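What follows is a pair of complexes built around chain A, which joins chain B in one and chain C in the other.
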Partner chain A sequence: MATTGIRGQARQDAIAGWLFVAPALAILGIFLVVPILFAAYYSFTDWNGISPPTEARLIGLRNYYDLLLSGGIKQQDFFKALKNTTYFALGVVPLQTGAALVLAVIVNQRGLRFKDFFRTAYYFPSITSSIAISLIFLFLYQKSGLVNYVLEVITFGRWEPIAWLADARGLFHILLEPLGITLRTGPEFLRAKVAGLTLWDWISGPSVALTAIMLQNSWTTTGTMMVIFLAALQDIPSFVYEAAQIDGANNWQIFWKITLPLLRPTLFFVITLGLIGTYQVFDQIYVMTSGGPAKTTLTMAYIVYRNGFRNSEMGLGLATAVLLFAIIFLLTMLQRRITEAREG
Partner chain B sequence: MRHRTLWTLLAALTVLAMVLAACAVPAAPQAPAEEAAPAQEAAPAEEMAPEEEAQVVELTLMGWASSEAENTRLQQVVDVFNEQNPDIQVTLNLVPSYDEKLQASLAGGSPPDVFYIDSFRLPDLVEAGALEPYEPQALDPDDFYPSLRNAFTWDGTFWCPPKDFSTLALEYNKDLFDAAGLDYPTPDWTWDDLRAAAEALTDPDNGVYGIVLSADFARWIAFLYQAGGSVTDEGYTQMTINSPEALEAMEFYVGLVLDGYAAQPSDLDSGWNGEAFGKGRAAMAIEGNWINPYLQDQFPDLNWGVTELPSGPGGQATMAFTVCYGVPAAGMYKEESFRLVNFLTGPEGMQMWTDLGLAMPTRRSLREGWLEKFPALEPFLNGAEYAHKWQFVPGFSDVMDTINSGLQEAMAGTKLPEDVLAEAEAVGNEILARWRERKGQ
Partner chain C sequence: MTISHAPPRGRSRPLSTVLWDRTRLVLSYAILFGLALAFFYPFTLAVTTSFKPLPEIAANPVKLLPDQWTLEGYRRMVGLNVDRWLFNSAFVAVCITLGNVILASLAGYALSRVPFPGREALFLAILGTMMIPGIVLLIPRFILFKLLGMIDTYQGLIVPGLVTSFGIFLMKQFFESIPVELEEAAFMDGASRFQIYWNVVLPLTRPAVIALTIFSFQGSWNDFMGPLIVISTNQDLYTLPLGLAFLRGGIGQNLQWNAILAGSMLTTLPMALIFLFFQRYFIEGISYAGLKG
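Our next item is the complex of A and B:
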């Protein structure tokens, strides 16, 4: 008797539970799962995005072929975007994660004065509209803008002002130039083509324009990541620190041996969020550069938009989106492997 | 166990949502104008008689938001139409992210009754079968400038009437010309005159350049046509951009920058040509008539004039950027929609709209009346006689990007004009082939 009573209770609980989550699941289903399936299906069609989707024809893997293997402009732009986005992620993720961790540790100090002020100040860029921020940075990055001015002052006038967002030179290319390595003087293999781009193109590094947007993006997202770290830091019980202090550990050792290992799950979370966010970078590009100069700020999300809405090739755009999803998924899995391997 | 229930539920939801979506999607396209419109017209008399308002057809006019003055004026024009046509009630809907919204509403099968179409975007919409041709309903179509009618003609059909237009002309800073002791530019200038003036006006010590030129296909293309070149052949079967004429045009354009007589807006602390010109950092600029309200607003003290673009080896040429009022093939009230379109682009509506002095009338018959009010803008209006249309095939943005990117590199001195043109030709031919393949399905 007693057991059936408990079982009946459990069943009722389960029904109640499902009822509670049903609205959320329905919304997720309609606005997330269905569009994803929709996108996946239409990535195999020639849908132009203007006529009703029912008129689209299935064309098999054609869109994927065009993006990955065709050897034409679509492939070239896809890999250019992949290259740019990867440099973007490689720059932004470590920068914003590191900066966020440092800031979180600082504002978590017990003795710090005006703690709330700093916490708010660091978080502020994250809650401001990215469009508004982009418009302001357009001014800061001008040739006679504030960024050049500050650089001129701190280098005592040795800094030559540049138009940041119009500068297509790759950072690594700039570094290689004093070594006498340019496209003309470099070894022959640099001119070999890999996936539509020359090797020289692949190793360009982010362009000056892309770097400018990377710095801006890091500045905006650091606050969000800081808040996540801060929450995790406050979850670390104080007796762990006290025990370490009694054992004679100094602050440096405490940070590396206590704080950082205990933050590992949070670190995984922040890096994952960062990877996903950077691989999807769009609004800054849309507002500030539209993919230019010389296609060096063309990103994956931006070519999804461009193929879908500018070129009336929604099928191709959706294929790009599906590939972007696959890339992010693989990277996240890979990163999880790495984190888990270290823990194990 | 738990997982399985979760998946079952998720699957059930997905199916449900898909069914819902499947019901929703075909419903709209299946009730297109041919069937729906007559039904609407036939039904009312008896059935809806009790309600007085039942006979009023409600139309939506969608466009993109412009300046405050223009938005207000368009609303006034629409109000006049509503007054004159008690059986039609038009709501003006000016939206941001216009292209995306329009595309979504067309694909969803419930487009606005009348909407803006940029000439560049027309081929995309026509080939998607989204438009109802204007030609059978056209009101005195021969009155429109041929260059503008041509900009909205695709596959031999005149699809929608131009609401207004802009052309490129040469703006010059009178004070800087006076200071250099030069005569103001005139419509009979040639490239040599332009170059000589740019050289004389360049003053590196004060950071002033002769002319501001952007790495923008939409500007350079005027020089391409002035040189006698072209982008593609008539039927868009192949690119013709890799020609001696195009090379001459690009070498001239890029050469002005490389020789230091011209600079890009980004080098002059500006977002676009108009800003650099307004700031007095460049003595000349090539922009459309949209620069007029901008300069009046932002740089009211600037002493400037405007004249037609100089002639190149191939003669005179400029670009026309124009927008029309389109009616969707899937529209519910096409007859009423065309009545609205014919009012807006008819003599009365267009005169009201263009009397603001911001947009130019697309009808020849309104030319004299407009020029009496805005004589200073004559060079822009004159451009209509010899302007080329800003229009290619769907998907051509990739070619534009390639040329923009190439111009950028050529101006930085890292790429030769002939390489830019060769690349543009290759990419262009690929895009043209792609377009033909998609079209000939």
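Our next item is the complex of A and C:
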């Protein structure tokens, strides 16, 4: 093609630019943008997933009402899932972020050997299929399995083996029991209902089964987070530490006053990844518990699937998904606010 | 880091500091090796258990080495068509990886180097789609697949994954770190945009291409939610994770642990091998993504 000065070049670039992005754009448009529009529209319908989608009837805000206000089982399940997922995130995000940060700092010490080995060992679970890991842990969490065995050994036989994934008792309930507080003996207000669940139910904490999955999840993701922290740590120039040491700062002060503030953007990234991931926990639940026992591992992502595919209420499932989207969005924004406020 | 080699203002370090440094190092190794064991042991036990006969597993699921080695679990997996699932997983992952490398690098190049109208807005829009949680797409994609007749097809497994916003973002960031002078020389020689992309820039981005290859392959190989909604009745199209979940069956079912763990190992092994050979790139890739994100 003959180029005629600047103008010809600009036109050629416009054509080339759009041609280069066109294939990617087509795929993202069809499989990302169109589905989002579908989600918004079909969440107002009664589509069951079996009849042709074109035959779905618009039913207004019915699905949202069922989930948020109806007082029925759909509302109960929604808030149970919200409660479980929130406990899940509140447990897993600090655990994996904290553990990853501590590990990264330890591995990054000067004079420490086998750095590459540790990095490889910790990262390994992150490359493994979540389904394969879930099946392995299903095996380890049996009553006669490895987890109970190890606990028995380190407590010199005092640990009573439990069926981890079949145990619906809430952790906080277990802690409250020795204090003489149960649903029967506790103060009256614990029996008050908030959004379909009793207050006693809300403060249950994660069930033993959910805790087991939380630990497994942290076990899987800590390695990724550690590698990210380690890269950021190695990005901090050594003269920063040297200057602090000349000024007489000890290791503890160096960590809190220098390392941590310099890691803030990485910390934000890791926590965001953690929140987005934990609020969508699905694979593990699907394979290990299907939401049981007693619905204590029902998560937001899992009820999206269950409402839609198992119960053939796609409209309801989509409304659940839209609400989950809103929750994740708000959390990310809130977290950004907090991080920025601290910096400001 | 060389902090300790220059003790502040020439004072020799007090004994207590030296002792503390020693103790700290020993403690560190204890923690690190202990955790490494906690990460490796479950896999090791899963491997050896996959070679045990069922009664032995039921009698003692904790013992590491089998009394009697058997291929029973693996034979059962073969009987279930695991070779077909393996092929499907590999085929889908290879297609998706190729698609990502080509489409994301093309788009990334244009977004970083070719001045075309609407470029900034387009890039922002692509960044925006990275915010969409995957679970939100679960049901709407099912609707789309139904309308397009893609349920129970390879197209359904492959086409949606051919490019990701993350891949485009990664490639664009990388292209921007390459000095523009290299291209200008080729430009003066009258090379077209595509020639510059293909002959000059792409060869320079080998590390990014390898990182993207690994991310895409791993993402596809381990993906569960995607195949779960595309494949409804045709078990010949199962990928490994889907096959494994099917094998697990319902809650409370009596599980054939040797077969289940054999399947888990067959799913893990290919990724593990790739990881061992290309570790450096995995680590670099995830670090890079972390620093840029």
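The definition used in the following text is that the second predicted complex is superposed on the first by the 317 of 344 C-alpha atoms of A that agree within 3 Å, B and C clash if a C-alpha of one lies under 4 Å from a C-alpha of the other, contacts with A are read in each partner's own complex, and residues count from 1 in each chain.
Definition applied: contacts are C-beta pairs under 8 Å (C-beta built on N, C-alpha and C of every residue); 3 or more make two chains touch, one makes a residue touch a chain.
Source: prediction; values computed, not measured.
Participant: Do chain B and chain C fit side by side on chain A after the overlay, or clash?
Facilitator: The answer is clash.
Participant: May I ask you to decide whether A:Tyr42 touches chain B, chain C, both, or neither, giving the answer as first, second, both or neither?
Facilitator: In the superposition, A:Tyr42 contacts chain C only.
Participant: With both structures fitted on chain A, tell me whether chain B or chain C touches more of chain A's residues.
Facilitator: Greater contact footprint in residues on chain A: C.
Participant: Figure out whether A:Gly98 sits in contact with chain B (first) or chain C (second), or with both, or with neither.
Facilitator: neither
Participant: Tell me the contact category for A:Ala10 with respect to chain B and chain C: first, second, both or neither.
Facilitator: Touch partner of A:Ala10: chain C, not chain B.
Participant: State whether A:Ala301 touches chain B only (first), chain C only (second), both chains, or neither.
Facilitator: second
Participant: Name the contact category of A:Ile73: first (chain B only), second (chain C only), both, or neither.
Facilitator: first
Participant: Once chain A of both complexes is superposed, is A:Phe137 in touch with chain B (first), chain C (second), both, or neither?
Facilitator: Only chain C; A:Phe137 stays clear of chain B.
Participant: Let me test your reading of the model: by the given contact rule, A:Ala168 touches which partner, first (chain B), second (chain C), both or neither?
Facilitator: Touch partner of A:Ala168: chain B, not chain C.
Participant: Once the structures are superposed on A, label A:Pro261 by its partner contacts, choosing first (chain B), second (chain C), both or neither.
Facilitator: In the superposition, A:Pro261 contacts neither chain B nor chain C.
Participant: After the superposition on A, what does A:Gly292 contact: first (chain B), second (chain C), both or neither?
Facilitator: The answer is both, since A:Gly292 touches chain B and chain C.
Participant: Pick out the stretch of chain B that clashes with chain C after the overlay, from 41-49, 77-85 or 95-103.
Facilitator: After superposing on chain A, the clashing stretch of chain B is 95-103.
Participant: So chain A touches chain B in one structure and chain C in the other; where do those two contact lists coincide?
Facilitator: 18, 25, 30, 33-34, 37-38, 49, 52-53, 138, 142, 144-145, 292, 309
Participant: In their shared complex, at which residues does chain A touch chain B?
Facilitator: It comes out as residues 18, 25-26, 29-30, 33-34, 37-38, 46, 48-54, 57, 72-74, 77, 138, 142-145, 163, 165-166, 168, 291-295, 306, 309-313.
Participant: Mind listing the chain B positions that touch chain A in their complex?
Facilitator: By the definition above, chain B touches chain A via 9-10, 13-14, 16-18, 20-21, 25-26, 28-29, 99-100, 103, 106-109, 124-125, 127-130, 215, 264, 266-269, 271, 394-395, 397-398, 401-402, 404-405, 408-409, 412, 427, 430-431, 434, 438, 441.
Participant: Taking the touch rule as given, give the residues of chain A at its contact with chain C in the complex, in rising order.
Facilitator: By the definition above, chain A touches chain C via 1, 10, 12-18, 20-21, 23-25, 27-28, 30-39, 42, 47, 49, 52-53, 103, 106-107, 109-112, 114, 116-125, 127-133, 135-140, 142, 144-146, 149, 219, 223-224, 227-228, 230-232, 235, 238, 241-242, 245-246, 248, 266, 269-270, 276, 279-280, 282-283, 286-287, 289-290, 292, 300-301, 304-305, 308-309, 314, 317-318, 321-322, 324-325, 328-329, 332.
Participant: Any idea which chain C residues touch chain A in the complex?
Facilitator: Going through chain C, the ones touching chain A are 1-4, 6, 8-9, 24-25, 28-29, 31-32, 35-36, 38-43, 45-46, 49, 60-62, 103-104, 106-107, 109-111, 114-117, 119, 122, 126, 129, 131-144, 146-147, 159-160, 162-163, 165, 168, 192-194, 197, 218, 221-222, 224-225, 228-229, 240-241, 244-245, 248, 250-251, 255, 257, 260-261, 263-265, 267-268, 271-272, 275, 279, 282-283, 286-291, 293.
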